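Paired with chain B in one complex and with chain C in the other, chain A is shared by the two complexes that follow.
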Partner chain A sequence: MQVKFPDVNLLALWPVIALVVTALVLLVVVVVRPRLEGAFYALLTLAGLAVALVLTLIQAGSTPISTFAGTWRTDDFAVFFTLVILAASILAVFLSEDWLRLHNVGQPEFYTVLLCGTVGMITSVSATDVMTLFLGIELMSVPTYLLTGFAKHERTSNEGAMKYFLLGAFSSAILLYGLVWAFGVTGSTNMDAIARFVANGGGESRPAILLALLLIITGLGFKVAAVPFHMWTPDAYQGAPTVVTAFMSVAGKAAAFGALVRLLTQAFPGLSGDWGPVLVVLSVITMLLGNIVAIVQNDVKRMLAYSAIGHTGFMLVGLSTWSPSNRFGAASVLFYAFMYVFMNMGAFGILAWLENHGGGTTLDHLDGLWSKAPAAATSLAVFLLGLMGFPLTAGLWTKVFVFQATAQAGYTWLGVLMLLISAVAAVFYLRVVVRMFMFEPKLAIASPSQPLMVIGLAVALIGTVGLFVLFTPVLEFAERAVGIGA
Partner chain B sequence: MSNYWPIALFFVIVIGFALTSLGLSRLLAPNRPNRVKNETYESGIAPVGEAQQRFDIRYYTIAMLFVLFDIEAVFLYPWAVVYDVIGIYGFVEMLLFIVLLLAAYAYAWRKGALDLG
Partner chain C sequence: MTPPLEWYLIFSAALFTIGLVGVLVRRHVLIIFMSVELMLNACNVALVAFGRHLDTLTGQNFVVFVITVAAAEAAVGLGIILSLAHHKDTVDVGEMDILKQ
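This part shows the complex of A and B:
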């Protein structure tokens, strides 16, 4: 008997290997040297993530590698999303050390779970086989359930984790069912093979293909928190430790969007006329609900959770305009995901700091923050203006390019609607800024500066403002990643 | 679409068979319940206590460890059977798998998961 082994090109996997090794080393260090300073684990994790980042940057220049019998492809698309995910993970480690130390929860465990989740996210954006993609989505989801419940003595954290777990498991099942239908009809789990099968619309199997597509969009709709699949989001985002909320809403969303874009544009490009309108409907209700419900929130953390739903809507607008002849919509989604890292990680980072040292994240806690902690107040204002899409922040370009995508695809009305909703969203972003700068402080705040946190927030701030000027390379990379000009 | 007719027929037969057998049993069988018959079925032993009771949290750790080693066994048996065919490639793959498990096992041991006292 002769066995044919799949070809394995480890060059494609170096960043992932670096992360897995770091996670293992963390566990082993706990066994060998149980009593180490918390910051040591954070630095070890950062070292692993930095190595992975460098290895990914090296991959960015080289030719695409397809390996493991065509189930994994490290191309520009995968590299782009890997960079987004790694950036979010690195910022999350910088921002989390403070909270972990104050609450005396297991630091190495937290970082191990975080790294496992990062590996899952990278897997789900690098997969070119629907089963590998599902594996990645699961490897991403299970650690995020754990991270959501990491504040194990707080009821809200437990509640959020339970809801997230139940709905997450449910949505994974729906996604898997959709992938199985796709396999049953096309006879392959490989995205290119599926694309060849559906190139002419699917022939007599068209109803079954459309069912598969619907189930896949529903399953991944849960993961990106699109309305009406968003029910878990506010509770999970509010209950989770604030840094975890930031990580989930940035890296988790980026990975789920990566999987969605990869599936829709590489496995079902021939059906863009079918899934495009579905995404248009989803994007409109997601934008409306996320941004309007955010207005009435009193807790800024919950407000940002709804704002995260709203941003999902904006990104879906970009993706819905995609067609094989007009790929700019997908590029606008990639660009959005990249810029979103810095703005959202920064905003949640300030909230995490406020929660750690000021007691809470309601609007009352933010009153007059300017007079007590000017740097924090200014930074939060910049991040919120970025999320709003204000000029002089990278947020402006995210909205501009999504609008450009709608205009190119003849969906200008959708782009105009998006801009109108952005104007509505300004209400709740600016309200926070007004309360920080113009109200009298109500509550006391101790403001020790945490070195790791300051570095993380500085990076986010530099990213938010700096990328306003230097957005061109990111946009060009995003365009190359989705196959424009290739 | 015509390729899918056998599947539809299969569904109809399955659901029809289930409904028919349950319905016939309901119509034909005598129904004489009493207290003993209505008790929870415990394989012939008299039931004790309520079904909704609390379990020791340690069962969950044991369950996790069981899964850990169960999966390992599931992989190791077929691997050992075809070892002469897969050779060094299979050996390295399995080594990676066992190293991953070993780290998790060492961690669980250190954290006292095996300490049941």
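This part shows the complex of A and C:
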């Protein structure tokens, strides 16, 4: 057995290095200057994230770099998801500063954990080796458990964190067992080597490969919140501080989808005839349950948690249509993840803003918001219409392209079902809008100054509306990332 | 003579199943957590067995990462359990019922 030192090309890692350095600097600063006034920590974190964003943009379009003995690849796919994740992290910092300040929660610690989670997410979408992929998923999950429980004096936050942690660790173990079997049967942890092994269906070891695949889909099914592996989602999303919910429902989901798409299309492309139908079933029950249970929710935060489950279903529809000859399904998932950042972060951001104003997140709290805070009410309406897939918002294109993917793959019935369920979903999105604009206000709100949050919400709003017009570059990038026209 | 690969795999599958059932049926947070650890260790057994069978270091390499991850998870998990126990003197998941529809 020969062991040689692997090749290391740090060029591929600059964004990650920028984030890790920022996290370490924050940790040092907290020892030297534990309680700085103002938004110093938030601005420092934003600076680190901005540097990472610029470095990622530089990587976009350049030749893919494969490094660390083929365990890490910075290609268009990784760059696309890295941009999605960084955008979500940047918005999360903008939205969270005010909450942290008002609740006197340790800011530098929060940002350090957030940055570590971001690094984990980037790792899980850049991994081309199942070992690295598992590490990335864990480096994403463990900080997210911490963020969920960050409001440690509130029992809901504790309870959400506990449930999320137990089911998260459980799902990681299932995912790991699947990866172990994939390694044991194919003899390699490298995704390309696994793909070569399963290219002809796996031969004699086909049952073991299918078992591994099933375990992997189950494990990642928990992470993307697909029914029937969704039970942690409503509790964790409702219990977590609202800004954390925004972050994990967008960035965590994007990273888990990135890992799922990468694994299925790069390690198991030869088995797309086997995992495709499984995903079709998962997507149908996920869409149905997520959107129907959302209707009966009285708490808008919990309603959006179920709506997030429903969106997982829509994204799974896109992925389930993927085959080596028809890759548009994967592109529609990437496109969806990008647009979802602005709409969902915005919607949760408005809820966080309301909570900071002494309000709550139930429908009663939103009654007549228009007369008290017209800007907030209008923004929330735009975000909800976006999530609904209404024209003039980027949300329309997410549905259109998933539908196009189903039509191209001959799954038109699935696309039609998706559109029907979207129409049902309009019920609960529009109900919130109606109550904001037509009901009488019941509760008073205080108005502390929240400059950073307003900037974050403005960015989300501009993204939701602006990308309705400027969606073409995003779609082209998504297509390139999944190997269309390459 | 060393035992064949199958024995290790059956042992690992048994451990994994015990862990899985433990998570699903037990109500005590620490026992559930222990069951998850059991599942991770079942993965480790399978990894070492596969690595030895395939004559590659990758299996053991992977195990080192899994152990590290398990340690990190334990640190965070016990922290969360402690913080919850401060508020409510229980470690029974059946009594965690504020969050539900």
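Definition applied: the second predicted complex is superposed on the first by the 479 of 486 C-alpha atoms of A that agree within 3 Å, B and C clash if a C-alpha of one lies under 4 Å from a C-alpha of the other, contacts with A are read in each partner's own complex, and residues count from 1 in each chain.
Going forward, a contact is a pair of C-beta atoms (placed from the backbone, for glycine too) under 8 Å apart; a residue touches a chain by one contact, two chains touch by 3 or more.
These numbers come from a predicted model, not from an experiment.
Visitor: Determine, under the contact definition given at the top, whether A:V30 touches first (chain B), second (chain C), both, or neither.
Guide: A:V30 contacts chain B only, not chain C.
Visitor: Scan A:P207 for contacts with chain B and chain C and give back first, second, both or neither.
Guide: A:P207 sits against chain B, while chain C stays out of touch.
Visitor: More residues of chain A are touched by which chain, chain B or chain C?
Guide: Here the partner covering more residues of chain A is C.
Visitor: Does chain B (first) or chain C (second) touch A:K4, or do both, or does neither?
Guide: The answer is neither, since A:K4 touches no partner chain.
Visitor: Shared contact residues on chain A for chain B and chain C?
Guide: 1, 3
Visitor: Hey, which residues of chain C end up touching chain A in the complex?
Guide: Where chain C meets chain A, its residues are 9, 16, 19-20, 23, 29, 32-33, 36, 39-40, 42-43, 46-47, 49-50, 53-59, 61-62, 65-66, 69, 72-73, 76-77, 79-81, 83-84, 87-88, 93, 96, 98-101.
Visitor: In their complex, what parts of chain B are in touch with chain A?
Guide: For this pair, the touching residues of chain B are 1-4, 82, 85-86, 89, 99-100, 103-104, 106-107, 109-111.
Visitor: Could you pull out which chain A residues touch chain B in their complex?
Guide: Contacts found on chain A: 1-3, 5, 20, 24, 27-28, 30-31, 34, 204, 207-208.
Visitor: For a test of understanding, state which residues of chain A touch chain C in their complex under the given definition.
Guide: Chain A reaches chain C through residues 1, 3, 131, 134-135, 138, 142, 145-146, 149, 152, 155-156, 158-163, 165-166, 169-170, 172-174, 176-177, 180-181, 183-184, 187-189, 234-235, 238-239, 293, 296-297, 302.
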